Amino acid sequence: MTAELRNHVLDFLEKGFRFDGRKPLDYRKITVDYGISKSAEGSARVKIGETEVLAGVKLSVEKPYPDRPDEGTIMVNAELLPLSSPEFESGPPGIQAVELARVVDRGIRESKAIDFKKLLIKKGEEAWIVNIDIITINDAGNLLDAASLAALAAIKDSKMPKYKDGVIDYKEKSKNTIPLEKEPIEVTVIKIGDHFIVDPLPEEEKVLDGRLTVASTKDGKICALQKGGLSPLTQEEIIKMIDIALDKTKDIRKAVGG
Amino acid sequence: MSYKKRLDGRDFEEPRPMEAKVGIIPRADGSAMFKIGDTIAYAAVYGPRNLHPRFLQDPTKGILRVNYNMMPFSGSGDRVRPGGSRRSKEIALVTEKALLPVLDLSDFPNAVVDVFIEFPQTDAGSRCAGISAAAMALADAGLAMKDLVSAVAVGKVDDRIVADLCYAEEAYEDGDVADIPMAYLPTLDRFTLLQMDGVVAKDDISKGLELGRKVCRQIAEVQKAALKNKYGAGVEKNDS
Amino acid sequence: MSEIIAKEKEVVVPGEILATGMDYLPSNGTYRHGDNIVSSMLGVLRVDGKVLKTMPLSGAYLPMKGDTIIAQVTEILISGWRVDTNSAYSAVLSLKDGSSSYIPHGADLSQYFGIGDYMITKIVNVTSQNLIDITMKGPGLRKLKGGRAIYVNTNKVPRVIGKGGSMVSMIKNCTGCQITVGQNGVIWVQGEPKNEIIAVDTIKKIEAESHIPGLTEKIKQHLEKVTGKKVNQNVV
């Protein structure tokens, strides 16, 4: 179905170009705006080129899981709104939204970005749950990277609400922020033919062979991996893609002041 | 007791500050943002486009399909569980009825014009903000429209008819509150949405409608400016 | 007393009062409401004598008999193909119209057009229900290969083509690209990557600024600057 398009994308890549004039490892312009929703405890808008994603944090208090009585946790939910693309349908999150949410979740959870023990209120009884909702506004490719950046920025923007006698006062925000120890950044590297690119356009996403999302923290440690796309990857390719991701992470980090 | 001064200091006939922008979602056929006070509505239009399932198709004209949704972080208290509610379904229906009268979809048999309305932040008046945003998005999508559609929630707080209730007024505890959302066609001088929660005298309805017309015309000016601004406010600046 | 209220070439919105009085006549994109002529579109006001029109700046493509469009194959049928026309309506290309040469029954249709293939084709019939028939029999109608499709609003197509093809010729000459324009807003661009990028960028520029006068000159200067080629004066 997309053989013609793929050939044309490859023709361009052979000459070192993408359809919009970028070089293979160039990101489009990244902007991050904080506090875009007053009703959220923390929120952010991330734009990568024309791709736009919002993330909002709402804090709730629940009973901790029985096997982790002294910890709170995070819950990441993503919605690919039909508002943002003619390809998305109304209804509960499809598999693409679920994958996106879970990959973002793992980046934050596995890196121990948030010290869950610091979310505890009363052992075995009450702990904070950090609910992160990722909402797409315009899909111009690379929703994954935009989503993970938005989630991180929303966490950074958050202020804990006041909590007294079992009641959360959402109107009164304390000065306390969510205890963020690490800042995981996700970069998705795409393989088309023999070429590696980052920050794909929708056309490139349609013809990709392989995809590797790499989450890492500032110390260069990798905290999540997700392979996508139908083509198998060799070990060399995987390492090459990780190298590219770790290198690009430095640039992305600047966008959130890291 | 009498409602002498509004909780946020506004005049009784004064709507909250407004902001509007058109064309904010490049992938959509038409899109707009409408902000009034702390309520922000995004609207996107896709269509006319193919309609499935088949049984929804109308062989004489296109249909308008409205989807109204609050983002989970848009409420001032707890997180809003995703997925529609009965409330959002009803609002989608009255929104559709508010917009349809200005549209002519007879050129698009069997097709659909989808309108998606989403809220990142709300502080009362959301259904009206959604309608105002949707009207701009429909115009941006190049659909034939006899008029703009402008909407506002007029209210009665205690003994006063006021324009554009804010959340604090809806929750007013020292007296009765009536909430009267309405949508209005500014040039054709007609109402396409009218609902009410509360108890009022017939006279109050007349006063409310009168005030609604006045404020909706102000809203229409904001919508008009936003539509023109997308194109650099027309061609006043005569470049070479 | 009749009076025009809005300015010609100004961007007007639905419901905007363009003129008062019975001397003026409504036409495309405008209607009469009592004493007034009112716009029914977001567009640019055009005054032709007594006739007021709103020229749309956006809006979906409505398939018309005789239009030459660029379509994409979505399905292979038993005796033909179904194609996407960049509108709410798909079109059917039947076997007998598939090629200027004879296609036998039972032939493997994907050999002629596969799913995803683009073609430049002509609309031969549109029913009241917007069912569309197209044909590949005719000069210039063919499968499109070796380039890519970009999408502009159908209402901007005349601007992209220009008077007598002058605008699109200018882009072709400066970039050396092949450019095929469909009435439905689908444009096929093919050239050296560097030049193709310039051509696509220029077309998008025309789309964004189509309502601004002096556009031809602006595009001419832009092309000369970016490609270093001088535009042939006869073309403009």
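Residue numbering begins at 1 within each chain, and the chains themselves are lettered A, B and C in the order written.
Operating definition for what follows: a residue touches a chain if its C-beta (ideal position, glycine included) is under 8 Å from a C-beta of that chain, and two chains touch if they have at least 3 such contacts.
The shown structure was predicted, so the numbers you read here are calculated from the model rather than taken from an experiment.
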{"item": "Chain contact graph, described as a line, ring, star, complete graph or other shape", "value": "complete"}
{"item": "Farthest chain relative to chain C (centres taken as mean CA coordinates)", "value": "A"}
{"item": "Distance from chain C to chain A - Cα centre to Cα centre, in angstrom", "value": "38"}
{"item": "Chain B-chain C separation of Cα centroids, rounded to whole Å", "value": "33"}
{"item": "Chain B: positions in contact with at least two other chains", "value": "49"}
{"item": "Complex interface listing, chain A residues touching chain C", "value": "1-5, 7-8, 11-12, 15, 17, 19-21, 203"}
{"item": "Contact footprint of chain A on chain C as seen in their complex", "value": "114-118, 145-148, 192-194, 197, 200-201"}
{"item": "Residue ranges of chain B touching chain C (in the complex, touch as defined)", "value": "29-30, 47-51, 59, 62, 102, 107-112, 139-148, 185-188, 220, 223-224, 227-228, 231-236, 238-240"}
{"item": "List of chain B residues in touch with chain A within their complex", "value": "24-28, 38, 40, 42, 44, 46, 49, 67, 69, 71-79, 82-83, 114, 116, 118, 120-123"}
{"item": "Residues of chain C touching chain B in the complex", "value": "7, 9-17, 29, 31, 33, 36, 38, 40-42, 44, 56-60, 62, 87-90, 128-130, 153, 155, 211-214, 217-218"}
